[in-house]
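Lettered A, B, C, D, E and F in written order, each chain numbered from 1.
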Amino acid sequence: MATVRLWTDDEAEKDPAVKAVFDDIRQARKSTFINNFWRALANDPPTLKRTWESLKQIMGGDGPLDPLTRELIYIAVSAANGCSYCIHSHTAAAKQKGMTDAQHMHLLAIIGMAAETNNLVNTLQVPVDPEFLVE
Amino acid sequence: MATVRLWTDDEAEKDPAVKAVFDDIRQARKSTFINNFWRALANDPPTLKRTWESLKQIMGGDGPLDPLTRELIYIAVSAANGCSYCIHSHTAAAKQKGMTDAQHMHLLAIIGMAAETNNLVNTLQVPVDPEFLVE
Amino acid sequence: MATVRLWTDDEAEKDPAVKAVFDDIRQARKSTFINNFWRALANDPPTLKRTWESLKQIMGGDGPLDPLTRELIYIAVSAANGCSYCIHSHTAAAKQKGMTDAQHMHLLAIIGMAAETNNLVNTLQVPVDPEFLVE
Amino acid sequence: MATVRLWTDDEAEKDPAVKAVFDDIRQARKSTFINNFWRALANDPPTLKRTWESLKQIMGGDGPLDPLTRELIYIAVSAANGCSYCIHSHTAAAKQKGMTDAQHMHLLAIIGMAAETNNLVNTLQVPVDPEFLVE
Amino acid sequence: MATVRLWTDDEAEKDPAVKAVFDDIRQARKSTFINNFWRALANDPPTLKRTWESLKQIMGGDGPLDPLTRELIYIAVSAANGCSYCIHSHTAAAKQKGMTDAQHMHLLAIIGMAAETNNLVNTLQVPVDPEFLVE
Amino acid sequence: MATVRLWTDDEAEKDPAVKAVFDDIRQARKSTFINNFWRALANDPPTLKRTWESLKQIMGGDGPLDPLTRELIYIAVSAANGCSYCIHSHTAAAKQKGMTDAQHMHLLAIIGMAAETNNLVNTLQVPVDPEFLVE
């Protein structure tokens, strides 16, 4: 289905640039599983490396937003963009980070409501209230 | 700029259906301020009432996600949909609910990263890993 | 604000290809008014001509959908795509073709509801029922 | 494929909140068929109920826009948002409400044309004509 | 899966309007292959003809942008809109027109980066610099 | 208008992390001009640095796609996403890199056509031809 070949573990072993990223993903996630996104990105080692390092910096480690909240935001953007793969992978990640069924359903309701009001605002072309502007 | 007239307080006072919703918004928010979104929706009292009640249920009161997290998700969807008004109003709401500058910037980075990987996945047409599917 | 120059009537008079389209727009609409969309497209006469002829064929003349319904559909797509100019111009066109305030507000509610359920479906990744497929 | 479980009829029978909505859907549609959207939403009874009641109010019953026109608008938004499930379900609904093949194809042409001009306008950044503004 | 029937070669042979377009596609592409897009559009001969002629004018023949660059732009728009079919068909077309793997991966990186910064800009609501405006 | 403060040159001078990026932008572009995007990102130095370095790698220097083609792709994604700021800034960049008016208008036509066919495909739900799949 992909527009590029998905790299197998054997192929990744033989390319030092890809192997280095796959090794780091496995170590960071404490799992041998490498999902198809990385196997597709392996066709472009610089983008593979850049994307993984950015994701590790933003989604991993400490930060002002906790790991579960980050995944909820990621799902919300992916739903708005209709990215099926991304919704599946980040819903799985959110569950691993403790998302309960009730939180999943609350997320669902917020995404739906936001999309509805985004479109109400567009249709009405509501002007921004001066109270909302940053001085 | 709007495609409909924005209702003034005087007009809202004279329409019982609109007045009832405006009064409830003011009471729920403990503020006399009614933003333009509601003044535009006043042209359609049933949608005004339905939208406010849905928002109050989902964004207000108790729930499995805390009020600030809800606003962050709302901003994320609004940014993905490019709704300028919604980004402004919910960024203001998030600040009122305690969003720090560091949280705002972390949210920024996640939204950008999610949009990037959504588009990488689209271009590559990555198939969903069976591991991500719900049994 | 545009990324190209907006052509004045004087300039359009001097370019036969642009003049021919502007004349045809004026005749079809029985009005001297040429809106900015066409003044911007005048920078590319083949696209100006192709776009006008396609629009005239689809939005004008007889057809299985009546003129007002066509405008409502146009507004709906434009709202979903967040095209402010298009929402303004086609809301004006819909009013000219008889859209009542009640119809405008019904349209508003449908657009909002469709966007909400589109996003609920995306978040839930609901599989298509076999009953909906064309044999 | 869904990120949640799809409820069977047996499960729905045992949950009063879900059963009440499923019963109402069946009665309103005069059919025993419950499509997957509702079986997925059953995981969140308040969203199930709210969504069904909003849809019933907006898409069912009397109103300033006729039932078929409402479905055409719904398909248009769903196509612009790329929601495959929604396009399938509302195309089926439109056919049930009398959409002819010729109307379906006219809808197709309008959706395509609107999307094209939305993007022409975006690329050109055409400013809104003062004539289109509501006083 | 389609919401309309896909026309077979036999059916196309019997409809002069469809046959004329299919013949022209085959001649222009020097191939007997007619992809599903045209088989679906055959349900609406005027849209079939209009779409093919527009595409032939814009994507074929001479022009200020070379044929491969045109396909790269087409893929970029299709990825941003999440159109799976279009990404597949235009990636195949780009390869036929000489896109190398390295160019494909560069395209990938640009699409991802553009989507990321589009969303950063949306979240930040950055005002346009006067330096970017056309006088 | 922005949801954050835009940094002045004076403020940037006093923050070593921001100053380092601003200095590098000025050197790479051989210009003292820093556009608002970077002045807004300055509120988040790690995102400022990461975004600039990614952009410099992808949009600057050598690569399989020439600098002007890269800008055309960037504009196409930005138009599809409706990012007004991005369309303005990358149209200016494309002109600096030699985009002629004729190329600009060809780009316009391709973006419009791609968006139209994306939406025709969505409405028709055309299945991917096996011929387009990568083995």
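Note that in this section a residue touches a chain if its C-beta (ideal position, glycine included) is under 8 Å from a C-beta of that chain, and two chains touch if they have at least 3 such contacts.
Bear in mind that the values here come from a model prediction, so they are computed numbers and not experimental data.
Using the contact threshold fixed earlier, the set of chains in contact with both chain A and chain E is B, C, D, F. Compared with chain E, the chain whose C-alpha mean position is the greatest distance off is B.
The most distant chain from chain F, with centres taken as the mean of CA atoms, is D.
Mean C-alpha position of chain B lies 27 Å from that of chain F. Rounded to whole angstrom, the centroid-to-centroid distance between chain C and chain D, based on C-alpha atoms, equals 21 Å. Counting only residues that touch two or more partner chains, chain C has 1-4, 46-47, 51, 54, 77, 79-84, 87-88, 91, 105, 107-109, 111-120, 122-125, 133. Against chain C, in their complex, chain E makes its touches with residues 1-5, 46, 50, 54, 57, 133-134. Contact residues on chain A toward chain D in their complex (touch as defined above): 82, 87-88, 91, 101, 104-105, 108-109, 112, 119.
Here chain B touches chain E in the complex through residues 75, 79-80, 82, 84, 87-88, 107-108, 111-120, 122-125, going by the rule given at the top. Of all the residues in chain D, the ones that touch chain C in their complex are 1-4, 6, 33, 35-37, 40-41, 47, 51, 54-55, 58-59, 63-65, 69-70, 72-74, 76-81, 83-86, 88-89, 91-92, 100, 102-103, 105-107, 109-111, 113-129, 131-133. Listing the residues of chain E that touch chain D in their complex gives 3-4, 43-44, 46-47, 51, 77, 81-83.
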